[in-house]
Amino acid sequence: MSKELIRLQNVCMAFDDELVLDHLNLYFNDKEFLTLLGPSGCGKTTTLRIIGGFATPTSGDVLFDGVRINDVPPYQRQINTVFQKYALFPRLDVFENVAFGLRMQKRPDPNNPKKMVKIPEKEIEQRVMEMLEVVSLKGFERRKPEALSGGQQQRVAIARALVNRPKVLLLDEPLAALDLKLRKDMQIELKRIQQQVGITFIYVTHDQEEALTMSDTVVVMDQGTIQQIGTPEDIYNEPKNAFVADFIGESNIIDGIMVKDKVVKMYGKEFPCLDGGFAENEPVDVVIRPEDIDIVPVEQGQLIGTVTSVTFKGMQYDIIVDFRGFKWLIQTTDHCPEGSRIGIKIDPDGFHIMKKSQYSGMFGDYSSFSEEYDELDDASLTLDEEESGDAE
Amino acid sequence: MRNKLSRFAIPYVVWMALFVVAPIIMVVIYAFTSANGGFTLANFARMGTYGVVFVRSFKLALIATAICLLIGYPVSYMLSKEGDRFQRIAMVLIMLPMWMNFLLRTYSWMSILENNGLLNQFFQKIGVIAAYNSIFGTNIKYFHMIGTPGAVVLGMVYNYLPFMILPIYSVIIKLDHSLLEAARDLGANTFNVFRRVILPLSLPGVLSGITMVFVPAVSTFAISQMLGGGTQMLLGDLIEQQYMGGAYNPHLGAAISLVMMIIVVVCMWVMNRFGEGEEQAVML
Amino acid sequence: MRKNNSLFNRFFMVLTFVFLYAPIALLIIFSFNAGSSNTVWKGFSLEWYGKLFSNRIIMQSVYTTLLVSVLATVIATVAGTFAAIGFFAMRRKIRDPLMTVNNIPMMNADIVTGVSLCLFFVAFFGLFQKVTGTRLTLGFGTLLIAHIGFNIPYVILSVGPKLRQMDKNLIDAAMDLGCIWMQAFWKVILPEIKPGIVSGALTAFTMSIDDFVISYFTAGSSASTLAMTIYGMTKKRVSPQINAISTLLFVTVLVLLAIVNIREARQERLAAKKHI
């Protein structure tokens, strides 16, 4: 894999007396697409602002290519940012917005290295137009930001940052203000741009789907600490604790006991699984993804429960099934009427066993099913909270 | 970045300490000392003898504020229903009189209200005075208007009405129209929309307007001198006399000023309790 | 909801404007009066306008008024803009008490502000004389300080909301793209808050021109604004020359405002067209 570019060492951040980041240790590789994922107030935006130079950590070090850059102001870092709601300069047109950074730059004169000169107008124009082409905005140079759609503004913001040829691009919830359809298109577009320019993207979002779609590496955060780092597949298939399991996708999380390697006990019954490495009879959290559960006739079921609600989702039905008071979410293509009794069967690879953590018992019960969905989709609400938290 | 920007305010903070806070401390010191410099409460005790002035000031200022509200609120409300162009021009027209010095405008009222002033000339011409005489069996040549409490109230209303209209108007204009539509949707008629939605939501503007009219009205001295003909002494006149007039006594003047400051503080406190103080921000 | 004021409502509005403008109209009419009365019309004449320019007291006070208003407006606009930005960048806990102090001159009765400044200046001058032996008096300097003082809050009041409306990330974005913070201020903040600054300056100038009470207590006997000169005259009789100068000032402002408004309206129409 490629080399390390940025490293955060024991970074702590406190606003007034509130600890927002708690001894964060994290490194970012060159040319990777890394996503900081977490609910509002988890410290992801603060982490981004520290890397960008808009906030100075209370303690700990920020290293860029091995050099400590804690006190290097934003304008001297080879890092640019795409801001929440874009922060385009409203009085400048698209061209001038993109050219802004280039016009601010000074570099040694090629004929007289001691003299600092501005970038010549010709080069600025060439680079701006080049970048507008990358983000497919040619022909929009003279438009004012207010005359652009949300998606186009988004592209201007990306071009404005990339035209400076940074080594790292920071993106702070850049898609949050777009509607669902556009968001999906822009996800693909962003990934394409990243591959085209070949630099590191550090992306902040609270949308797990966005994170899984685009990233090489996902960092799940909560309460100022890192919960898990891994590829999207790792995070989804091998969540480290109940928080991650619940935040990424849908999960039923049940109390269990690891009888011995490859055997887990729940509801008083033993089930074969593939996990091991726990102490004998260690209490654990058992994660079962809703799509890994097969519905079978009652007599063949490993467990038997009652269907309490059915929601049609197009590709499948989401059904809530009550197993002795604990409600599970099951996704199935079979229609099971409400109130019917069904059996379920789970293959050994459908179980994922996690050590007990501070999050045990907080997630994975679908008694309040509908609200759980709402929470994940309500982007605007969480955005505002986070913003006001950082402003002070 | 933000911390660096906050340094921009440092010069002004020093300025406020010098020219806002220090002068107020001076007022407090003067209010509690006598001419020879010792501590005393006598200045406040002496105010008792001017009880009449206090009562008159409050009475006239309250009447003027009430009239301003009665005219200002409907005008603001009606304005908000007009077209944008009309509104913009109207707002300029409401501010514009301030460009003619208020003393001069008040002086103009003197020539209107005088015994042989324009209004009495007008009444004479159209026979109002003759009619009055024949009905009440009197024999007056003119209506006595100048030098009455009514004239002073008129002057106050005239001068401070814009201060009532501006804050109310700027609150009403910002009301969320979907709120009004929601109220209609829920079955409220025009009167109920006004009473249950517009009125409560415009309260901050009303309170702001009341303060902005009441405070200058209760403290004026020029209006009362010009339109009250010296017979309608107000708190402002009282203070002025302690500094510029014959009754030179800065300590008493400071004590009365202090009382007036307390009135303002109470007004502000009431306002802050009811609405975001920010609503004043909409003055222009 | 909008539109449709009844005829009665319109009449009420017109009546209010008549009430506001009748005295002004009278003043203007009688500035052209051949006689010196403000109540008896003796025929048209420009006599008072002619005499006005040779009246040293009036011309001097007009000059003082304009000078103090312009100086106070310029200084207060610059200082108030910087102060507003500073307040905006502060934490709430520090900003709120400072804003309360800032609001005092606006909320306080003019006479109290005037008296407090007067007492302060006199006390300061006493101290100054004891220390340096030099005697200072109330005059143009103190008048200017007083005007700056009551103008700054109005500037802050109109710049503050513009700052709060601004996208807070704009400053960060400018820094991100290579601006040091002074450049960020010039290139990004200033253009965004310009409308607030302009309206703040306009309010400040209006307040300065219209002020009488605070000037009265802080100008002493050596400087006199137009308002103070008028006040001096009202005790006896006001010369129609005052009507004349006021008419000139008023008409100037009227023309200026009309130009500004027409220009604004035209620009808005142009902008609207562009959008379509």
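The first chain written gets the first letter, and so on, giving A, B and C; residue counts start at 1 in each chain.
What we mean here is this: contacts are C-beta pairs under 8 Å (C-beta built on N, C-alpha and C of every residue); 3 or more make two chains touch, one makes a residue touch a chain.
In this text the structure is predicted, and so the values were computed from the model without any measurement.
Each chain's centre was taken as the mean of its CA atoms, and the one lying most distant from chain B is A. Comparing chain C-alpha centroids with the centroid of the full set of protein C-alpha atoms picks out C as the closest. Taking each chain's centre as the average of its CA atoms, chain A and chain B sit 58 Å apart. In this assembly, the C-alpha centroid of chain B lies 18 Å from the C-alpha centroid of chain C.
Averaging Cα coordinates per chain places chain A and chain C 53 Å apart. Shared interface positions of chain C, defined as residues touching 2 or more other chains, are 172, 175.
Residue positions 54 of chain A each touch two or more of the other chains.
Residues of chain B in contact with at least two other chains: 1. Of all residues in chain B, only 1-13, 15-16, 19-24, 26-27, 30, 71, 74-75, 78-79, 81-83, 85, 88-90, 92-105, 107-112, 114, 116-118, 121, 158, 161-162, 177, 180-181, 184, 211, 215-216, 218-222, 225-226, 236, 239-240, 243-244, 250, 253-254, 257, 260-261, 264, 267-268, 277-278, 280-281, 283-284 touch chain C in the complex they form.
Listing the residues of chain C that touch chain A in their complex gives 91-92, 167-170, 172-180, 183, 188, 191-192, 275.
On the side of chain C, the complex with chain B involves touching residues 1-5, 9-10, 12-13, 16-17, 19-24, 26-27, 30, 38-39, 79-80, 82-83, 85-90, 98, 101-113, 115-120, 123, 145-146, 149, 152, 154, 157-158, 160-161, 171-172, 175, 181, 184-185, 199, 202-203, 206, 209-210, 212-213, 216-217, 226-227, 230-231, 234, 238, 242-243, 246, 249-250, 253-254, 257, 261, 265.
Here chain A touches chain C in the complex through residues 52-54, 73-75, 79-81, 83-85, 87-91, 100-101, 104-105, 147, 160-161, 164, 387, 391-392, going by the rule given at the top.
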